[in-house]
Structures are given as structure tokens and as C-alpha cells.
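These notes open a run of structures that come right after.
Two complexes are shown next, each including subunit A; its partner changes from subunit B in the first to subunit C in the second.
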Partner chain A sequence: MLLLTTCSYIPIEIPVALGIPARRAFPRGQKPVAESYVPRDFCPYSRAVFSLAKELEDTSEPGLVLAIAGSCDAMRRVYDAVRMYGNVPTLFVDVPRTGDDLAVGYFASVLRRFARELAAQSTGQATGEEELEERLWRAIRLLDDLRDVAKNYADMSSSSSQRLEMLFALERYLGMKDMEDAERAGTDGLVEYLVSEGFVPGEMKSLTEDGPPVILTGTYCLDTSMAEALDECGFKVAALDSCWGIRGLEPGEVQDGGDPFLALAGAYLRKTPCPRILQKDARILALDKLLDDNPGIRGIVYYLPKFCDQGYYDYVEVKTFAKRKHLPLLMVEGDYGAGKWAQTKTRLMAFLELLEQG
Partner chain B sequence: MTVAVGVDSGSTTTKVVVLVNGKVACTTSAVTGPDPAKTASLCIDKALSECGHTFREISCLVATGYGRERVSGATRILTEITCHARGAHAMVPAARTIIDIGGQDSKVIRLDERGFVQDFIMNDKCAAGTGRFLEVMAARLQVGLDEFGEEWGRARGSVKISSTCTVFAESEIISLISAGVKRPEVIKGLCNAIAGRVASMARRVGIEPAVVFTGGVSLNEGVRRALEDALSQKIVVPPMSQFMGAYGAALFAQDLVE
Partner chain C sequence: MWPRFFRLHKSPTQGNFPEKALRFLLERGFTYKAVETYLARKSNGQKSYQEVAASGILTELRQAYRRERPVIYTTAFVPTELVYGLGAVPFLPEVWSGFAASLGVAPRAIHISESLGYSQDLCSFHRCGLGLFGMGILPNPSAVIVSSHLCDGGRRSLYYHSRVAGCPLYVLDVPYSFDREARVFLARQIEHVAQDLVRKVPGLSLDHMRRAIEASNGARRVYLDVCRVRRNVPSPWRGSEALNYVSVFLSSWGSGWLPEFYGELLRYLERTVRTCAFPVGNERHRLLWLNLRPYYRTPIFDFLEKQFSTSIAFEEYSKLYWPEIDPDNWAEGLAEKMMSNFGWGPLERRIHAVWSMVEDYSIDGVVQFNQWGCRQSNGGARPLRDFLQKRGIPFLELDGDGVDAGNSGSAQAITRLSAFLEMLDSRGVIA
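Up next, the complex of A and B:
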């Protein structure tokens, strides 16, 4: 069995505890098949997830399950479309828009149901509540340690796309081992794997050591092209505020003891927020923290997948924030592959020239 | 003697400005066509020969525009945003907002008192709000672009062109003509449509006087007047307004020489 997830708000700890390999779905773009089912003015990621769900119907890999997070209205619509017109086992993980106690309690119940449904899709896995909770606590502790390692390695890399793909490297590693193996191997096991994947400390030279440091933020990166374009243009990408970047590697602190689902729900809802969650204050605090953690930031590049409603709302907040901090801000709107477009590069180069002259 | 050359390889037109000892010696332009590199070379040669110089005498060449990376012999490559800002500020030191409408894109640039770019916004994904929009409509109305100002003056009122898309706007003016609306009123409506679109871009970066209008469309008197109405601002069209990107590039080339 393989679980594909669509959002960083779906805790990977749950499939790890159930012994199910899981990774983030990484659709490479929208396909014509989406035309008939999902409106054209939907965000490219939603359309790509639907395309992926249709493609999975033809895959020979047995036991594929897709978990779609209700991270925004578009994804909720995609879930409905996949359920109505698709033929792939699909689970829905509703994600509340706030991090208060009521939302945490609700999200804990969502995650518990998700774990039960996931276990039912699998065979021969632990489904007893007590055993599941015990395994979940072990998975939480394991992921805490491994994410620290992954984050440190991500910070060492100068290639923005390599840093973005760190989350995938961690997921691939976990997919190759069961929880007991991963526990036995500890953090050394992950380090060994990362080195074999090309993350070699000391050999990851900076592409853009002298470029003006910027934050790349937005709702969703779609692909690595925008990060690569920033590297190529000569920016130093000091922080990748993306669900593959820091948002995926920095869940909030998990409160030890008690109900692990409640602890996980709290940690995930209070992690570095995604703009799709619409936690405005938490979002601005997180940006503020990024500036504190990365002194010398010269500007912000906001990447907005077209038709991402949450992104348009969030951009207004980020614009106000940037103005307050006297930081130049560039908004680039695009689709899959936008970083390779000449129009994007012109905007990025003009922004670089703006930062260099100032 | 210094010969500084600025080349703006635009999507529609390639423009060249030659500065000899820091002073404008010659300007030239040509339709970019399918081979931007070749057009740029021909334009440079033509400009240099007009002012009695050769390619070998070039002290420094700066290229800008969409085809900037294809211009051979460039010492430096800069974006048209930076070059327009430099050129417009040199020409109008009070400039704080630049509206540039070219053949296939439009942009609004906000400057500080030093002429440094503070913010910018571009539309290069849609023909509406660009010179191409006017070309399509002028062809449909069988009127020259240089006649828009005169036609504007003749208009007793204007019609509203609702469509923001060039294709749909063309259908709309066909309907208006069929309904008996006179050409000046339609032209005024078209100028208002393009000005409205660009004005909404300008508001997003903030409008501060002096507002300078550059690019090929700046020569269109009808659009200039429509922009003044839309922004309630006097719009300055400096000399060589259609060469502003190339002029800015030439000034950067001059800096590099010095």
C-alpha cells in the first residue's frame, strides 16, 4: 500500500505509525482530463491533483490511496470530483481554519477517523486503539528527531530546489523502512541516506552567496521552477516559506503525553501557517520570525498560483507587512513551470536590479 | 571620445540610442521581426553610420528589452524597467511615476527622488492595455494611429467599451459601428478603455506626480488625454518618449565608460 497526501496538514506520523509508506503527492502539472471535471478558473494545483487522481486509475501499482486535505474550497471541490468521477480510494482530511482549542479538538477527531479509515484500507496492521496510540507516540518522537536532521541539512544546502525537495527525501527514507527499522537506525540512518542522495555537508556550495537575501513565500510552490529561477537570477534565497520548505519541516511543538491525536492536531494547526488556512495573525507572526531568524533580508518574493483565492487575500496582508518593514515586495503570478517563463525572469531580474540599486 | 550605445530589443520594435561624449547623437528603430539579434545588429549599424561611427568605436553597449539576451556585443544586460526609469528620470527629473505602453506590454514604474525604482507592475500576458490593442482597433476602424488625437478632439461624447479582451472589444466596436455610432466616439471609447486598464495598474503601485508617459503609445494623443482624465493628473510625454528604454540603457553604458 502507498498513501499519497496533498497537504502538509496531513500528519505523516499517522501512516508511519500504521506501517504504511506515505509521501506527498507531487503532480507535475494539470492534464486535459481535468477540463471536464474541474473549472478552468481553479488553482493549478487543485486541477493537477485531480489529473493525478485520474492518472492513478491506470497505474499498475496496487494499494494506492489518496488523502485529500480540505485545505481550501478548491481542494474540497477536487475531493468531491474525485469521489464522483474517480476510481481511486480517496480519504478526506478536513482542516480547520483556526488553531483554537475547539478547532484542535475537531481536528483531533478528524485525524482519529483518518487513522481508522487508513487502517481499514490496509490489511494486517494494528487497529486496536491502545496499540495505535502507543505506536503514534513513537512515530511522533521519531519524526521530531528526523525532521530536525532534515531541517539542518536543508539549511546547509544552497540550492533552493534541493532544499524544497528535502521533505520528499525524508518521506522516501521513511517509505523504505518500517517504524522499527527507522527507530533502530535513528538519526544516523537518515544522515546516511541524505548523503547518498547528494546532501553532502561541505560540498553544497552556495550558488548565490553574494546575491541579495530574500524570502520566497506564497501559498504553494507548484514545482521547483520558481526557486530555481531565483537561484539563476542571482538572489540568495534565505528562507523558503513553503509547505515543502519550512512549513513541512517545522510542525509546532507536540505536547507530550495524553491523547496523541489531540497532541498532533495542536502541533499541526499551530505550525508555521499556510496562507490557505487563513490564520492572518499567525501568518504575519511567522513572517516576522523569518525576518528575525534571517537578518539582512532585503526583499520578499511572493509566488501566487493563478486563481488561488487564498493567495490573493494573503498577498494583501503580506504587502501591508512588507510596507511596514520597508521591504520591497514582488508578486509573481503563475502556473506550473512559471519560473522558466521569460516574463517571470524579467520581473525577477528587475526586482534584483531594484534591490541592488537601493 | 566615448560612444555609448543603448539597445532596446522590444517585442514589436527595436530601438537604438547612441551617445557620443554623453550627448544623444542618433536614434533609430526598426520592426523587431522574427530575428531580434539580426535586427539589433542592423539597427546598431544604421545608427552608428548615421552619426559617422562604426561598431569598433563603441566604448560600451547596454542591451534591454525582451530580446536583450540576444543582442551581441552587449557589455551589460538590464531589464527595461530599470532602463525606462533611468531614461525618464534623466529626461524629467521630477518623474515619480512612469507609464510605459509598448507594442505588446504595458508597465507602471514608481520612482524615488533619485530615480531609483521603488515598485513596478507589468502586464505582458494580455493584449488589452497595449499598443497591439490599438493596432487591431485602428485596422478595424480604418484609421491611422496618428489620427487618434484628432478623432478624440472631434468626439462629442464617448461610448463605453466593456470588454477587456482585445478579441471581444473588436466584436464590440463592430456592433457599435453597425448601430451607427460615429468613429470619433468609438475612438474616444477605445482610448478610455486602454487608459482605464492602465490606470488601474497604476493605482496598484501608487501614483505620484510627475507622471511620465513613455513607449510607442505615448505618441498617441488620444490615449494621453484619456490617461489624464482617468488619473486626474497631467501626463508628461518627454522628447524621445518611444526611445526611453534605449536612452536609459545608453546612459548606463555611458556610466560604465566613465
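Up next, the complex of A and C:
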């Protein structure tokens, strides 16, 4: 069995604890099959998730399960469409939009149910509660350690596209091992794997050591093309505020002890918020912290997948924030592969000139 | 008169005199007095449902603009009983976007929202609300309550209102599941919001809650009779007008005037049936209308009702979906109301609700108005179409925009409706 998840708010610790290989579903774009099931004014990611679900039906790999988070109206409807027109077992994870104690308590119960459903999909029988909790704590500690390593490697690279790939690398590593193997190998196991994949400290050369440092932010990067375009144009991406960047390598340390589902729920709901989370000022405070952690930022690039409502509204808030901080802001709206478009590169080059002159 | 007043400006960039003048008028008591006097003279002292609604809305507007009661902005699916129960006036910017479209103010408001950075690909009901706020003609909110279900745009746009107004923002996070645990989670949030509002906003108290819940339950009972009479063939109420009153359905539960409004409406409908004075003569087809309508001047309803003798027999947003609320356990009752919304949860809930309306109102065809940017509604179109077609009910997706006339073509809409009605004719579906 392999679990594919659609959102960084779905804790990977749960499938790891259940011995189920899992990774984020990073669809590579939308296919024509989505046209007749998903409206044309849905974002490329939601359409790509539907396309992926249809593709999975044709793969020979048995036991694929898709977990879709209720990230937005579009993803909720994609979940409906996959259930009604697809042939892949699909689970829904109801992620709250706030992070207060009530929401954390509710999310813990959602995660507990998610674990039960996953276990039933995997083995057809429920795992004992005590055993599951014990294994979940082990998975939490394991992921804490491995994410630390991945974050350190990401920090060592100034190539933004390579930093995006770090999340893939971590998930590939987890997919190859069961929890016991990964525990035995410890952090050294991941380091060895990263080196074998070409992530060698000191050799992760940046194209743009001297470029003006910027933050790449937004809802979701879709693919690595925007990050590659920023590298190619000569920016130094100081922080990647995306599901693929810092938000994908969180939460950090989970508070130890007690109910692991509650601890996990709290850690996930209180990680660096994505634009979907609706806690007053939380998103802007997180951006402010990024500026503090990365002194010398000269501008912000906001990447927005077309028709992403969360992004459209969030952009206005970020725009106000950037104005207050006297930081130039560039918004790029696009689809999969937008970073390869000549138009995008022209705009990035113009923005680079603006920053260099300023 | 108002539309002409606003059309003084040929370009949205020419000054802001109308906004200031309108705001001045809205904040003066004599404005409301004058309008009420005019309405009373027109009706010769006999109240119709329209006058009850106009009087109720005007009273609340006066209270809101003159700061006689605190104003709480909410999204469309927050139960307004909560706001009335605290002694505040609920204000739904998206509902007022519809009014703005009918008064010809929407283009300017939309232009202003775009100048703030809001994309044209967002739902225009929210963009217009943001623009109206930017124009300074909406009352000042004391707090904002949003719900997380059904509409991303609503909660995100009201976040902007709360930030700019500097008032508290409350998020009611509606669970996707329907078990007891989920209901308690939502009920606790509702209680917390109510208690925190009482602490933070002067003039609010929970003393009004019982009255608001009882008013809501009373209105609900009458409204069920209204729905019963609307099942009559031919339809006793013009659908284009019923679609206008969706605004009342969305924003007035818990108000003192709502039971009277539905009572008067019921009397009107019963009289219409009794006297056979049906608004669409020789009714040929009966349609169910999903989602909202275009609120600016559009020929499509005249085309349907006059040229094609076709009634919109019922509307999706007029369907009553919640049980009575226990005044002694109001938080859980309101939670249940929110969670009962058939647009929330798996799509099968909406499909079953639509099917029950098709059966109850003897529907021949279903039209879904695909409001540009309304992901939650448009996203359900394909499964809905497949479901209805299997049962022999034709389904039309009518693309358009309810507020931004510039983003919608009436000629194209008429062509599509015309083809749809011809298809109904060819199937021999004549009521």
C-alpha cells in the first residue's frame, strides 16, 4: 500500500507509525481528463490532483490510497469528483482553519479517525489503541530528527530549486524504509541517502551567491520551475515560504508526552501558517519572522497559481505588508511550468533590475 | 432615482461626491422617515410582504448607520440568530453587493476592489463588498464573524473588513463530519464567540437570545407553509422576485419582523392561488434555479417569464434545511443549523436536496447559474448533471456573473436558455 497526501497539514507520522509508505502527491500537471469533471476556473493544482487520481487507476501498483485535505472549496469538490468518478480509495482529512485549543482538540479526533481508516485500508483490521499511540510517538520522534537533517541540508544550499527537492528526497527515503529500519539507521541513514542523491554539503553551488536576496512566498509552488527561474535570473532566494519549502519541512519539535494525536494536531495547526489558515495576523507575523531570520531581504516574489482564491486574498494582505516594510513586491500568476515562460522571466528580470537599482 | 444619482459619474475615477452624499443621507434619521412615509402612503396603510421587508430592513439600516446598535458583519451562512440574539444588527456585505448591482453602484465598487489588488477571477459578490467598504458607504462594523464552510471568498474578504476596521474577527470552524463530537466542537465555538463579543463590544448582551431564537422558530413554521403553497402548479410567486428575497432568507433569521414578513407572503400566495392570479400565465415549464441570480438589469427573466411562459418555481437558496432550535440549548441548535446546510459535506447532500426540490415543486428542468469564481457551487455541476439526467431531468449550466455585468453576456444567456427551453418543449414537458 502507498498513501499519497495532498497537503502539508496531513501528518506523515501517522502512516509511518502504521508501517504504510506515504508521500505528498506532487502531480506534474493537469491532463485533459480533468476538463469534463472539474470546472475550468479551478486552480491547476486541484485539476492536477484529479488528473493524478485518474492516472493512478491505470497504474499497476496495488494498494494506492489518496488522502485529500479540505484545503479549500475547490479541493473539497475535487474530493467529491474523485470519489464519484475515480477508482482509487480516497480519504478526507478535515483540517481546521484555526489553531486554538478547541480546534486542536477537534483535529486530534480527526487524526485519530484518519489513523483508524488508514489501518483498515492497510490491514483490514484495527490496530490496538495503545500500540498505535506507542508507535506514533516513535514516528513523531523519528520525523523530528529526520526533518532537522533535511532542514540543515536545505539551509546549506542556496539553490532554491534544490531546496524544494529536499522534501522529495526526505519522502523518498521514508518510502524506502519501514519505521524500524529508519529508526535503526538514524539520522546517518538519511545523510548517506542525501549524499547518494547528490546533496553533498559544500558542493551545492549557488548560481546566484551575489544576487539580491528575496523571499518566494505564496500558496503553493506547483513545481520547481518558479524556483529555477529565480535562480536563473540571478536572485538569491533567502526563504522559500511554500508547502514545498519551510511549510513542508514542519512541524519542528512536537511537544512530548500525553496523547500523541493531540500533540501532533497542535504541532501541525501551529506550524508556519499557509494562507488558508485564518488566524488574524498569523500569516503576516510569520512573514515578519522570516524577514527577521533573514536580514537583508530586498524584495518579495509572490507566486500564485491561477484561480487560487486563498492566494488572491492573501496576496492583498502581503502587498499591504510589503508596502509597510518598504519592500518591492512582484506577483506572478501562472500554471504548471510558469517559471519556464518567457513572460515570467521578463518580469523577473525587470524586478531584478528594480532591486539592483534600489 | 438612486441609479441615476450614481450615474452622475461617467468614470469610476471621478471624485467621490456620491459616496459622501450617500453616507451623509444614510446617517440621518430623516432619510429613513422620508422613505417610510413614502412607502406608507403608497400602500394606503395596508402592509404587503414587500413593505414589511422594506420597513424591517430600513429600521435596521437606520440603527446601523446611526450607531443605535452595534453592527456585526457576517458571511452568508453564519446563523444571524446569533447576531440578533446579542442585540446587534447583522450585515452581510455579499448581500449588499446584490443591492449595489441593482442600483448601478457595483461597477464602481468592483473597480475600487480591483485597485486594492483583488483579482477579477474572484467572485464578484465579494469583490463588490470590498469595494463598497472601500467607498466608505457601508456601516462601521463592531465585529466580524465568518464561518469556514461553503465559501472561501466570504471569510477571506471579511478578514479584510475586520483588519481595516480594526475590529475583532471570529472564525466559526465548521466540521466536515456530522457526529456529536463535531456538533459539540462547533457549539463551543459559538458559545465562545457570543461570550467574547459580550465582553468586547459595548451594548451587546445575551438577554436577546431567547427572543431571537423564538422569532426564528416562529418564522420557520410560517415559512414551511410558504414553501407548501409554492408547490402549487402554476407557480404563485414570480421566481425572479423570489430570487431577490433570497437576501432576506440569508440575513434575517432571528429578526423580529421575519415572522410577519413570511406571514404576509403566505397570505399573498394563498390569495394568488385562490384568485388564480398567477404571475406567469399559461405556465409551460417549471424550473429550479440553483445558486444566485444576476442582480443588475437583465432581460433573461422577462424572456423566461413573459416570452417563454416559464416559471422559476423554486430556488436552491430558499430551501429550509435546519430543524427547530431549542432556545434552552441555542448554541448546539445553531451549530446544528450550520452543519445541516446541504451545500456542506459530501456532494451527495446537495444532490439529494436538489432532487427533493425537483420532486416537491414538480420541476421540469434545473438551471444552475454558474457564478464566476463560485468554486463550491460550480464544482458540483458535473455530478449534479449526471444524477439529474439519469432521472430524466435536463440540467443547464448558465455561466454568468451576478454582480459584474461586464463579465456576463445576456444575449448569450438568452441563446442558451432558449435552446434549453426548446429542448424541454421537444420532450413534451409542458406543465
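Keep this in mind: the second predicted complex is superposed on the first by the 350 of 358 C-alpha atoms of A that agree within 3 Å, B and C clash if a C-alpha of one lies under 4 Å from a C-alpha of the other, contacts with A are read in each partner's own complex, and residues count from 1 in each chain.
Simple rule for what comes next: a residue touches a chain if its C-beta (ideal position, glycine included) is under 8 Å from a C-beta of that chain, and two chains touch if they have at least 3 such contacts.
Everything numeric here is computed off the predicted structure, so don't read it as measured data.
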item	value
Partner chain(s) touched by A:Gln343 [first = subunit B, second = subunit C, both, neither]	first
Partner chain(s) touched by A:Pro328 [first = subunit B, second = subunit C, both, neither]	first
Which of subunit B and subunit C A:Gly175 touches, first, second, both or neither	neither
Partner chain(s) touched by A:Gly29 [first = subunit B, second = subunit C, both, neither]	neither
Touching partner for A:Tyr315 - first (subunit B), second (subunit C), both, neither	second
Subunit A residues touched - subunit C or subunit B, whichever exceeds	C
Partner chain in contact with A:Pro21 - subunit B first, subunit C second, else both or neither	neither
Partner chain in contact with A:Gly234 - subunit B first, subunit C second, else both or neither	neither
Touching partner for A:Glu353 - first (subunit B), second (subunit C), both, neither	first
Residues on subunit A lying within both footprints (that of subunit B and that of subunit C)	none
Residue ranges of subunit A in contact with subunit C within the complex	36-39, 41-42, 70, 72-74, 76-78, 80-81, 83-85, 92, 94, 96-98, 102-103, 105-106, 109-110, 113, 278-280, 306-307, 309-310, 312-317, 319, 333
Residues of subunit A touching subunit B in the complex	328, 342-343, 346-347, 349-350, 353-354, 357-358
Contact footprint of subunit A on subunit B as seen in their complex	66, 78-82, 116-120, 122, 124-125
Residues on subunit C engaged by subunit A in the complex (per definition of touch)	116-119, 121-122, 146, 148, 150-153, 155-157, 159-160, 162-163, 169, 171, 173, 175-177, 181-182, 185, 188-189, 192, 346-347, 370, 372-373, 375-376, 378-383
